[in-house]
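Here it is, the structure, as structure tokens.
Chain lettering (A, B, C and D) follows the sequence in which the chains are written, and residue indices restart at 1 in each chain.
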């Protein structure tokens, strides 16, 4: 068993880490860190538990520590981070001096020597770790996963990008309130309403997606070269981001071929049969009215993205449209970091 | 006063007609028709009233008749129709033999001799009425308004189309449940959820919008020539459709010019100061997080569409994006038919 | 394995039956019946599946039959019924001529020779079956479970009633929309709203609860003798009924004793370790803000009721108050019938 | 015109004050105070406006001051306070040295020399002001209104209490999220859920109601002597508290008499025809499924409470039940303080 810890353990994504790591065959939680308000208390007492499933017994008695590397035992190997961005920017590098940090924070994602990875999409970017350690003189390292809405979108784009030349992507999102944290969206803001703005989200989708589909040239990432524009909106859904996607290729579209490419897509995590890897990263639904967040967010434990309404565009040549749903705090956050760690554990450690 | 009636008077849109016509300076409701289940009863007894404002006193005692032209008094001039499509296809032509029918139904919209009109966009299409009456030998006629999501979109496109060459439009909608009628969307389908499908809606948006922005060539409509593709979704909002719009022009975009073009847009209904005409058909909001359906759907009595997040596309040349909100059962349905009737009353009768 | 079937198999509660019976150690679904619209189709094709978990593979290919005993194979032993009341009144007696019918319908509940049973509360009422078979000359029989809101309430009252003299109970419910069936509550009726009326619900709670807590005198039920009055309301919750309960005893209240009585309550299903029996029928929560339907409805697979805010009444003598949450379509419907069948299977068959 | 100001002007209830005072015939807003974060800014810039109706033009340019009496012009007569309780306890007495404070805060409500008033219920309690000024040596004074759920309940109890001997009241509430302030209830807490706890609410209802229905003995309040117990719950409704009420009288119940007593109830504000007074303080609905918060909260501008499902208790003697809806931030907060001020303005100033 690899000993692991969670930074930001009391928050929304922190709780998902704990839920997903419970009964994990390779990872065992032995450390939990949070703000000074929680430090010194048993996790059970420090935390208002938000998830529908009850808090795992195994973490209840762990005493929460401050978010300080010197307070984490040396027998911990991997720290999962769901720290707020500003905090992560300062703290994660300190932890990386001796620990592996698998981070869901956006702070370090676009640093040149920090791999931004979705295991099914660009596992080869893990090679960058080598430079990171050399550059920074660290014994540990940081690996990051993308933004929640980016992960779901990129998983569906990957099998298309592998088989066709993409010209343009237009994406309009309908995102769940959990993406803003437990207190992020007041009920007064969202009941009988939606909010057409999520700070920084469009920029992240527009840059991270191309980065993830890029190639390693030496140890530098050359982003993919098509255009992708996003409009992001918050809707009255608890969990599960929905995205409406329009794609133009450089060539004729055979919708059945594309459907097969997406449905049959598998990658390294599936080959290695990693514990958190979904059987298929993307599930294709034929029903007219799917995917729906409440019905499809938990597909394959919340780790599979569901695509539906895959249809030829009746208006634009070489174009098609679809709708996707992905669980934003599982596949789009905690589960993403854990899958990164499982891949590292199997291929690097 | 012009005597008017409402067909489909007990339904969702029928109730909006009644609400909006109450205290109207030029129109007085003297006839109400509905299905045989309601016929013979006083409107108050025949109707489960759905709107937040109470049922107007003036209609409570009107006895509902069957939907049959022979049962409507000859002193009625205009009939507003919110009949279901299949029903409208059969019944509206019979009424048009002697009455003016201002219809919100989709049945007759794309008939060559039936004008599909938004008064601010293509009032000149009313000229088609002449052929309709000649062709069909009717004393009355049918005028239609577009689909709810089309009206809101087209009102925002019109000032752009008048000033620039549009290449492409991508639109993704987040539509209110009232658009499906009172019983249309079960709560089990939409609480903590959304549904990425509305039957026929995308097709209507894709065809009706270009038709409305087209020109009359003789008395035939030549649709506008750009491409417009839509993806339509139902969200947990009671009233007010939200649409996320991406536009590519044939030329450079100066976002302030476009903002001014939209904000300053006025047309014939504003010049004629029609009773139901909003001061500005489209209101432009500067706040990051607007428009929102609950906050903006009632702008100018629900007859103005609100645009926000108008921004240059950071990715595509000659491109920009925005979000709009319009009230689907006021501007997008009953109010649209009434504004058509007001225009006809002022310019034709 | 006992072969079982489901009547009303395509509906909301029918689907819960199928979900809960999947992987059941003793029962295997071999027959599914529904309306003539579904008959002759494979279950997968006949059904719009509503539950978040996917349809079990094992039922997908079962061909749905009409709801007619002659079409059900003789090797089926138990039929679970989620038929609409009027339908159940006619059809269930026909099935009971040769099958065991474990019914969630209200039609036969108050018949003198039909046991209305919650296994933890009044399993001894199963003795009534004997008369039923004699009276009616049936080889099979009907056993019923109470209304959803009654089951949850009665499970919490039982350990109190066993230990104290109850004088009065006032209960005000906040019930989930699933209780009305998938199409029962339109979203227009419940978003940003609640509906203070559920037809027949208050009467069922007021009569069924006392019946369940009654005693068998010979083979006749003498209902419990205290007063219970209910007010029932529908709220914007998908699953899980919440009830606010005020109780007056005939004696002094020691709130800790009552808490212990409730928390320690176990009964025959727990002793027999029936497959669907929760470890404790009622879970007591200490947190101020629990139980909550979304957090507590799935306690012990949805078969345990959760009580919280158990507090001495500061105003009335000998009085206390609490709030309960129970899953209305699991513990309150399909799970209730299944637990009845498990008890019968173990003790009678 | 009387010059008035609002303390806590940027909050939820502060905004309601501003909305309701706009176009008031007797009161004109000339001062707005809020926290130091807002002070010095124009109201328009200091405030995130939450209400569906747009911010009134008349207040946009008023510069917000700190909450300090020395910063409020002497030509202001009345200050409406929606300060948080702890803050109100410190600050309101300072303002009362020279201003009239009409407060919605709970801080001073139960002080012996501070009148807690609903104009339709106990306007005579305003006589207490005299002692307050004498006791405290103030030129101004404080008058308070009760808690939102108490006001609605007490308005319905008053006509009953005036005509019958009440023995017991049991009330279970379903309260709107706006009662907790804009950020009070996260969407994660209430979508597909409810929360069965509102801190301090039950205690307020249990004490304030009896106080309001009490009598002045000399200048001391003798509370009403019946028992009232409450259980309070938060539901997914934006505005409008719903309360389920069970009442036992000391005598036989004729439900039509009670209905008439409630429906015909009028009091001093109606006689004086005060600007904010509803025509009838309580409206009685006959429909089975009313009152509903979204349909009834705005009755008579949000100042009337709506009662429905008034029915004889089928179980308990001398007992009946009903459901009420009242607008929590209009009749239950800002409108309550304004009606108090209107009464004072007409009868005392």
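In the analysis below, a contact is a pair of C-beta atoms (placed from the backbone, for glycine too) under 8 Å apart; a residue touches a chain by one contact, two chains touch by 3 or more.
Remember, predicted model here, so these are calculated numbers, not experimental data.
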item	value
Comparison of C-D and A-C by number of C-beta pairs in contact, larger one	C-D
Chain whose Cα centroid lies at the greatest distance from that of chain C	B
Rounded Å distance, chain A centre to chain C centre (Cα mean)	41
Chain centre separation (chain A, chain D; CA means) in Å	47
Per-residue multi-chain contacts in chain D, two or more chains	191-192, 236-238, 294-295
Residues of chain B touching chain D in the complex	52, 191-192, 294-295, 298
Of all residues in chain A, those that touch chain D in their complex	12, 50, 177-178, 182-192, 236-238
In the complex, chain D residues that touch chain C	168, 170, 172, 174, 192-197, 199, 203, 206, 227-229, 231, 233, 235-238, 242, 244, 246, 288-295, 308-309, 313-316, 319, 321, 323
